[in-house]
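Next come two complexes, and both contain chain A; in the first it sits with chain B, in the second with chain C.
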Partner chain A sequence: MSGYWAGILTILAINVIMAYAIFLPVATGQLNLGGAGFQAVGAYGAAFLSSKYGLSVWLTIPFAMALTALVSFLIAFPLLRTKGVYLVLATFAFAEVVGGAILNSTMLGGPMGLSVPAFVEYQVPVVSALVVTVFIFYLMATRFGLVMRAAHDDDVVTDLMGVNVLGIRVAAFAIGGALAGLAGALYAHSFSFVEIQGFNASLSIYVLLYVLLGGTQTAWGPLAGAIFFTMLPEALRVALPALKGWMGLAMGIQGARTAPDESWRFVILGVLTVLMMMFRSEGLITRVMVEKLRFRRRTVPLVNVDAHA
Partner chain B sequence: MMLFLQQVSNGIMLGSVYVTVAVAFTLTIGVLNFLNFTIPTLFMLAGMLAWALSAWGVPFVHAGPMPWQAALLFAIGVTVVASLFVERFTFRFLKTRYGDATEHAIPLVSSLGFLLIIENLIRIGYGTDTQRFPGPQADLSVNIGGIFLRVPQLISLVIVLGIVAGLNWVLRHSRIGRGLRAIAENPDAANILGVEANKLVPIVFMLTGLLCGLAGVLFAINYGEVSPQMGDDIGSKAIAGMVLGGLGSIWGAVIGGLAIGLTEMLTIHFFGADTVQVAVWGLLLLTLFLRPQGLFGHHSIGKGKL
Partner chain C sequence: MTAQTPLLSLRNVSKRFGGLAVISDVSFDVPAGTRMALIGPNGAGKTTIFNLVSGFYQPDAGDIVMEGHAIQTVASRRRIGLGIARSFQNIRLMPHLSVTENIMLGQQARAGGVVEMLKPLSLFGRSHWRDEAETLLNDMGLHTYPGEVVANLPYGIRKKIEVVRALVARPKLLLLDEPAAGLNAAETDNLTAFLERISDTGVTLLVVEHDMGLVRRLCDHVVVLNFGRKIYDGPTASVQNDPLVLEAYLGPRDTAPSLANAEGCHAA
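Up next is the complex of A and B:
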């Protein structure tokens, strides 16, 4: 396998894990706009142990996961006291505080970043992503997954039914945190270098959009979203030159300006976001769609269920 | 002591930019319960357009450099139009259905989409570099008792406070303001009583565009440089100021924005530039945990909806 595809697979695997990390809180009805902060905790946790104590990958990755899960667990209690817009702002602020704290820490390299001696091949992230995917599918099929859905759909009724809604939400945050830590640690070991500028507000926004565009009702959604938006730039390599000429004309540019090709990917992500929210706000893949595609005998035909519901 | 007072005055001047953007944020949250993430980009759009127009002119119509005064007005106009365009594709599609907590997030998520679109189109069109804005002399300053005050900044502060006072008056005493406050209180009841939301909501977005455009060009004049990244930092600090002052409260946003500007300058003065992020965002996080309604906010705003 060429280095090019190995690189793409690594990024894809990390994006999938990160999408699931954000999916869990969102599946309980909590928008988390602080993904970059949680990922940074995991990445720096692994990077620090690897560079300072020379520990192997098999120790640093579990440690990073545990550390991030602990941080998410502790921050979840004050965070989840806030609701709606305040929660979005609080998670956003948390990510900024983490970024600022790391930027000021001489132990963690500050603005210079940390280099990570222990390296992992692309197989490790890919296998991790597969395991995480299977785990999330399993989790959504258990009672815990059912209760998460219930808390998402109506927290008051769920509470009345005797479910500990706060407990479910904290658990979703903590598991999501562990996954974000895993994504961060894999990032650190795959690219052999971490710097805090890579874990900025844009990253949090992109990951949340992957999840929301893919759909939050089933575990298929984040997977579809992450795969689509990671592979999009590869598809764009062909379509870009034509778009570029047209844009330059429309904006009245005289003289050459260098623009990163990556920008196009984000323009398309933005356009798709706006269109999706207008026409299909529940995301690309919905529960009904998955149920219709499932090849198994049903005791009650779907049509009747819809008609009498 | 003199240096300290100088930093305080710098903080207030910086705060005046935050105030303008924070008022735009608080207006959409207070009236529409909508956290509009396109605001930082509209601010950036105004600054970058002002620069691009004064450097290149209008495409197809007026090639060649434009005088900077005309460029500023044109940039504000385009920003207002862009804001109305955003309204057409985000807020119109707020369909609240019972039984889904994240349904309320639709306009917020679309506004994140517009943030990506506008910011990256600007990057593609005008590059990612910081550009010098060819405005008036930014370091034109007066000396009051040993403290240097830059005249353009002083004028900006007066303009900003004037606009906020005017806005406050409009919201309190005019027919439009009454309609907007009715929508803020209860959209359904307002609709039944004959308030036409589809006509009033674009006014909020027009005001948002106007405030962002103004803040963007004032920033370009005062600091003499613009870049596609300039909205990120200012937008975040303005959000911090708004939350500190209380969501939905205009004077709260003014006090909050000034407080964030002061905190930033004083943190630089006492602890160095690197700790600013921790100080500002720590302050915000503490506010959210201890007093989520902020200093002057009403506790009912922003809880249920996004």
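Up next is the complex of A and C:
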């Protein structure tokens, strides 16, 4: 496999894991715009152990997951006292605090970053992403998943049903934290270097976009969102020169054409995002869509309920 | 606890919101196995009583007693474990969950513990929780698509599903907040029969309702509230002749028409 595809697959795998990390709190009704902060905790945790103590990835990755889960668990209690846009701001602020702390830490390399001696091939993130995907599908099929979605829809009634809503939300937040730690550790070991600029606000925004635009109602949504938005810039990288060529031909421009500006990819991405929000705000993949596909074969006629009761 | 201990008692319960006394010194008993109605003009405090019993609010004074134990300090999420379930005036099913999943949420009170939480409900084969939910839906005449998302279903059916969701927790006391609101006459008849079937299984019903037809058919005992005070507590048959009740609904008059007509105006 070429280095290009190995790199794409690594980024895709990390993005899928990150999307699920953010999906879990979002599925309970908590928007998390601090993804980069949690990923940075995991990445620096793994990088520090690897560079300072020379530990193998089999130790650094579980440690990074446990550390990020613990951090998520501890900050979940103050964070989840806030709601809606305040929670979004609080998680965003958390990511900024993490970034600032790392930038000022000489132990973690500050602005110089840390190099990571232990390297993993692209198969490790890909297999991890597959395992995480299976885990999330399993989790969403359990009563825990049911209660998470119920807390998203109506936390008051979910409470009356006997559910500890805060407990469920903290658990979802902490499991999401562990996954973000995993994504961070895989990032550190795949790219052999971490610097805080890699975990900036736009990463948090993109990851939340994967989830919101992919769809928050089923486990398919984040997967679709992460794949679509990771592959779209790559697809546009290929398609843009061709597009420009056709435009040139259509307008009768002959001769040499300059290479298209990279930034056009982000313009198209932005336009697609706005269109999605206007026309399909519930995300690419919805609950109803999945149910339709699942029940297509075992269709039961909708009986007149009132006649039977 | 003796046989005479009522299932639920309110003892001198008061609740204020700021300067507004919503419930003033209200006491009444709900004996086990009965079907009781809680009626009164809009703003009388009926839903507040429900919110006090289900734990949304704490009373400022007085006791809420369930089977002989004061429960006003018990957290709202623990009250279903004491046998109190309720429905809401505006249906509060989970719109993004399927019918079956809403019912399975109702089972939550019986399925606590980490092990139950992490058992799959659908992935490999079928879980007994899902089987139970679908069987109950069939028994209650709600054989719609089990996988249908609730938001897509008609209003009358959603109302019934909400009652079934409350029932699946196997409560002793079911609080129903205006079960017939928004239903037409046929749907109301249908719902009344449905509630009678539920009552026959031994569940005690406390119903807030404006539809006096339903109250007369379903309930043998009525408590009437007006401006947060209890003004009547007795058999359904004689409520329409009670001078205080007539005055509450119609204002002080020498010759008042019957309450049945008054309720007709009220509903319109």
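Some observations on this one:
The rule is simple: the second predicted complex is superposed on the first by the 268 of 309 C-alpha atoms of A that agree within 3 Å, B and C clash if a C-alpha of one lies under 4 Å from a C-alpha of the other, contacts with A are read in each partner's own complex, and residues count from 1 in each chain.
In this text, a residue touches a chain if its C-beta (ideal position, glycine included) is under 8 Å from a C-beta of that chain, and two chains touch if they have at least 3 such contacts.
The structure presented is a predicted model; accordingly, all values stated were derived computationally and were not measured.
Contacts of A:288 after superposition on the shared chain: chain C is touched, whereas chain B is not.
Of the two partner chains placed around the shared chain by superposition, neither chain B nor chain C is touched by A:4. By the touch criterion defined above, A:154 reaches both chain B and chain C.
With both complexes superposed, B is the one of chain B and chain C in contact with more chain A residues. By the touch criterion defined above, A:104 reaches chain B but does not reach chain C.
Contacts of A:208 after superposition on the shared chain: chain B is touched, whereas chain C is not. Once the two complexes are laid over each other on the shared chain, residue contacts for A:85 go to chain B alone; chain C is not touched. Contact with chain C, but none with chain B, is seen for A:144 once the two complexes are overlaid on the shared chain. In the superposed model, A:58 makes contact with neither chain B nor chain C.
Touched by chain B in one complex and by chain C in the other are residues 152-154 of chain A. By the touch rule above, chain A contacts chain B in their complex via residues 26, 29, 31, 78, 81-86, 88-90, 92-94, 96-97, 99-101, 103-104, 110-111, 152-155, 201, 205, 208-209, 212, 216, 244, 247-248, 250-254, 257-260, 263-264, 266-267, 269-274, 277-278, 281-282.
Note for the complex: chain A touches chain C at residues 137-138, 141-144, 146-147, 149-150, 152-154, 156-165, 217, 287-288, 291, 294-295, 300, 302-303, 305-306, 308-309. For chain B in complex with chain A, the touching residues are 29, 33, 35, 56-60, 63, 89-90, 93, 95, 99-110, 112-117, 119-121, 123-128, 232, 236, 239-240, 243, 247, 274-278, 281-282, 284-285, 288-289, 292, 302-306. Of all the residues in chain C, the ones that touch chain A in their complex are 54-56, 76-81, 85-86, 88, 92, 94-98, 101, 104-106, 108-109, 111-112, 116-123, 129, 140-145, 147-149, 152, 156-157, 160, 169, 186-187, 190, 193-194.
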